[in-house]
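The same subunit A turns up in both complexes below, where it pairs with subunit B and then with subunit C.
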Partner chain A sequence: MTMYCLHQKPKVRGHMPVMLPMRLRADGLPLADRLFNLWTLTALVLALAAVLIGPAFAQLATPDERTILTILLEWTPTLAKGFGFNVLISVLSMLIGTIMGVFLGVLQVSQIRPIRQSAWLVTQFFRNSPWLVLLFYCILLIPFQFEVFGVKVPFPGWIKAVIGLSLPVMAYTSEFMRGAILSIPTGQWESAESLGFSRRMTLTNIILPQTVKRVLPSWMNLYAVLTMATPLVSIIGVDDVMALTRAALSAEGRADLLIPMYLYILSWFFLYCYPISSLTRVLERKYSVKL
Partner chain B sequence: MRTYIKAALTAVVATLTSTAAMADALQDIKDAGKIVVGVKQDYKPWGYLTSDGQLQGLEIDLAKDVAERLGVEVELVPVVASNRMEFLQQGRIDLIIATMGDNPQRREVIGMIEPNYYAGGTNVLAPKAAGLENWEDLKGADVCALQGSYYNKRVTQLYGPNLVAFAGIPEATAALLNGSCVAFLYDNTWIESQLASDAQWAEFEMPFPTEDPQAWSIAVPLEELDQPYGKLMSEIVTDWHKSGYLIERNAANGIAPSPFLQAEHDRLK
Partner chain C sequence: MTWTPQQPIVSLKDVHKSFGSVEVLRGISLDVMKGEVICIIGPSGSGKSTLIRCINALNDIQAGSITVEGLEVNDPKLDKLALRRKVGMVFQQYNLFPHKTALQNVMMAPIKVLGQDRAEVENRARALIAKVRLNGKEDAYPGELSGGQQQRVAIARSLAMNPDVMLFDEVTAALDPETVKEVLMTIKDLAADGMTCILVTHEMGFAREIADCIYFTDRGVIVESGPPATFFDNAQDPRTQQFLAQIL
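So, the complex of A and B:
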């Protein structure tokens, strides 16, 4: 195994095909195997159209009633604010969780046994805890404000939610990192050592840069999952798009609004997560392992 | 066990947060220039959201009136039944005006202001076609209800319906309209105002005599109940009844006239 392949495209001449890793091209996957694809998008649009247009015809008899479409449009600015909140929470949780997760992942391959084991324990604990339970703990245990040098620093519920959601992100990222680090051939460690690299330098200059492309697709999938999990925060009293949707539904008090409105919100999540999922596929293709 | 854990957690939080001297909450509110009131945002017409994102309703009016009397700004924080008491204990909010029923268990945790400012009872909303006549007719029938409502247990024990509990009013009413249940068990004041104001309930009725009246209370932290803050709140509620302000706001928000409000008005006049 050689080192020169890091920064420049290697010449594959002379390599035996059996030594090449299997190439799994994302675009090779059948369309139906991807959760987000043109078919699900079409189905969603059709469902939305059916729900919105169907009742609109039925309501012609009572012209004084506002149509469902009007109501949805009327609530859009308010709901959009709530959705922005969901996005903010997901971005911040992802940021904090990733930073902590990378450290934890590196600790998981530490040469010192107690560190390795405790990092493993923390990772497994948060990876296998229900997200909602972690959220509840954060909401109840963290005070709503801190006093720093006599100045009261408020600590609102949504920040607690960010902390609560960053814990599972940390654990998943930690596992991604461990897997990626271990997947890099051990020969690289040995070569680096023979070139006089310390362990830390090997890690930061050689191993970690290579993990990025291995981790990226699963990391982005995790982000999409996290975004779709943010409505959980409505249960603990954060005013996200879900809480506002519920408020909107009870303010309108119309039972026929229930399904269109939830579908409307669902389509927002879809439209937000679909490009991320597409981008993940592009990156997977770009970074698919070439030797 | 759950309440024990909850109490323990609350105690931890309380010790963490109570570092500031709890000398005079009223003075603190005036110094801060604002009172933070926990209100409902999903309980039309008591507290609800308008499409431009503003809170409105009877209880919002009350919260604004409290702020006006104290000469401070009002900050409204939407709460739900499961977090309002914790918010009050933690100090996240100064006052609860959120359709909260007054009962002995809650009195041990937070300071319920007397007199009560409102009262509701238990009844059902049912299609006229169902022909329900008295509570016993519910035996074995599918009845929609809301999760965590205090009257669910009592009604189940007394009349043995098959309760189907939903997370929110829209879900429960949708189930009632599509025939998944024969009745929706809820607060009589809400049912009355719905029947009076909404055309979709034209073929529905409130068939039973209202039972189990529950008084609603606004609440301050328990330790403030006998302090100037709690006393002032009590005076304000008394004045609301005396001056007819509550009756007037009740009507202005399109709620059916409340016998309780009338009785309190006559009693305190």
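So, the complex of A and C:
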């Protein structure tokens, strides 16, 4: 039976609501799914069109003033660089966070109780901390440069931001891994054991490869959410797309530019994240029926 | 203690096993000689599966002793790998590795655990797959195979470790009636080759045909045992008679 009963009731006779997953209400859906659908896309495109075209007519009377569209196009290369920086930060945070998270998730199912409990504690701590606070901590606690053998190695803010954002990614990945590992039938462990596999070999050769499929949809969803969270780094002084947008706005000094420009940036994030969250939904549907 | 083929290959002496306060095995003793096929039958919850799982240390025991080729299974310093090389096990739910093909399932343990040469293992694995009559299914994933086929791959996977004893834990219980036969045929071939087999089964006709000795367990003890002919036609204990009357 498919898990996705949001849009249509399953056509199964005698279907029992108690057997369905709890995720039936829209506010139980992942953030990316709630924010992104074709309706928001349409609204966004219409709004952008209205804002661009409307003032363009109004400005016919004053031809010496550049149109909003022209200004946006002029700023596009600069803003694109900033956006590229957001993407870079998201990719690096995801990479670091995932590696640490997989490791932490494995520790969470350790047979040694103190290890299991400390891994659990670390996971819960970072999973339940606001991302912005973690970012501030990283900025304040990590020095701006290190001395390695007398050579001063600078440690710029954006790297600190990457570390700050990788911490929640680590915690979420750790939880995904724990769930996925525990969802593998115990028969897999037993048959591996009876074939002489040690626990560690069973984990790396048999259990972890099977978790990939289970974790992938949630992990991609996490990436979309992370990308949307990257503008947070502008608050701690990293020149990302948001910081550059603010700079562009103050340079132009035009109030009518405010809404179109932010809408412009918003649409970039949308175009970047929407395919990811769509793919996530496809994968979720594909893998959910499996047993 | 060194083991000689004149001694029992598997020997259980007064084995006790409890899960919490529930005593599942209450003094089980049995001996299996090399090349023998024994079947353990009995009502659900009588400890059959627990008994067989104790033999390859998937479950530990609280008292008594189990030896496999002279190897003390209950020894805390037991070299588990040495035990697992001697004892192969096939489960009710097949437990194949779903992300590997049939051939890879068979090849994995000899390569990863024993560090044997890949080419040599592959030849042996292909021969084993042919032996369980699954030629042409080498590259199929477990999800693409029927239950009976999966179970035969599981048997080949166990055999790839060259065990001396095979344990079968209700291996046909999850299968369709028509696929049961093909799995039983495979086990019969094995027994004919002289493999020592310990089976937990509900297939009475098969047990009668294949076993050298039948053990009937109930509530954690062996109630009665004997060669199939005596056991099935001339059961002595009233509990055995009652059980046989229900299922035959």
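Criterion: the second predicted complex is superposed on the first by the 249 of 291 C-alpha atoms of A that agree within 3 Å, B and C clash if a C-alpha of one lies under 4 Å from a C-alpha of the other, contacts with A are read in each partner's own complex, and residues count from 1 in each chain.
To be clear about the criterion, a contact is a pair of C-beta atoms (placed from the backbone, for glycine too) under 8 Å apart; a residue touches a chain by one contact, two chains touch by 3 or more.
Please read these numbers as outputs of a predicted model, since none were measured by experiment.
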{"item": "First (subunit B), second (subunit C), both or neither touched by A:258", "value": "first"}
{"item": "Partner chain in contact with A:74 - subunit B first, subunit C second, else both or neither", "value": "first"}
{"item": "First, second, both or neither for A:188, with subunit B first and subunit C second", "value": "second"}
{"item": "Which superposed partner A:197 touches (first subunit B, second subunit C, both, neither)", "value": "second"}
{"item": "Subunit A - residues contacting subunit C, complex", "value": "185, 187-188, 190-197, 201, 205-206, 209-210"}
{"item": "Subunit A-touching residues of subunit C, taken from the complex the two chains share", "value": "56, 58, 80-81, 84-85, 87-89, 91, 93, 95-99, 108-109, 112-114, 154, 157-158, 161"}
{"item": "Interface residues, subunit A side, partner subunit B - complex", "value": "62, 71, 74-75, 77-78, 81, 140-141, 143-145, 147, 152, 236-237, 239, 243-244, 246-251, 253-258"}
{"item": "Residues of subunit B touching subunit A in the complex", "value": "9-10, 12-13, 16-17, 19-20, 41-44, 48-53, 78-80, 82-83, 86-87, 90-92, 168-171, 173-174, 176-178, 194, 198-200"}
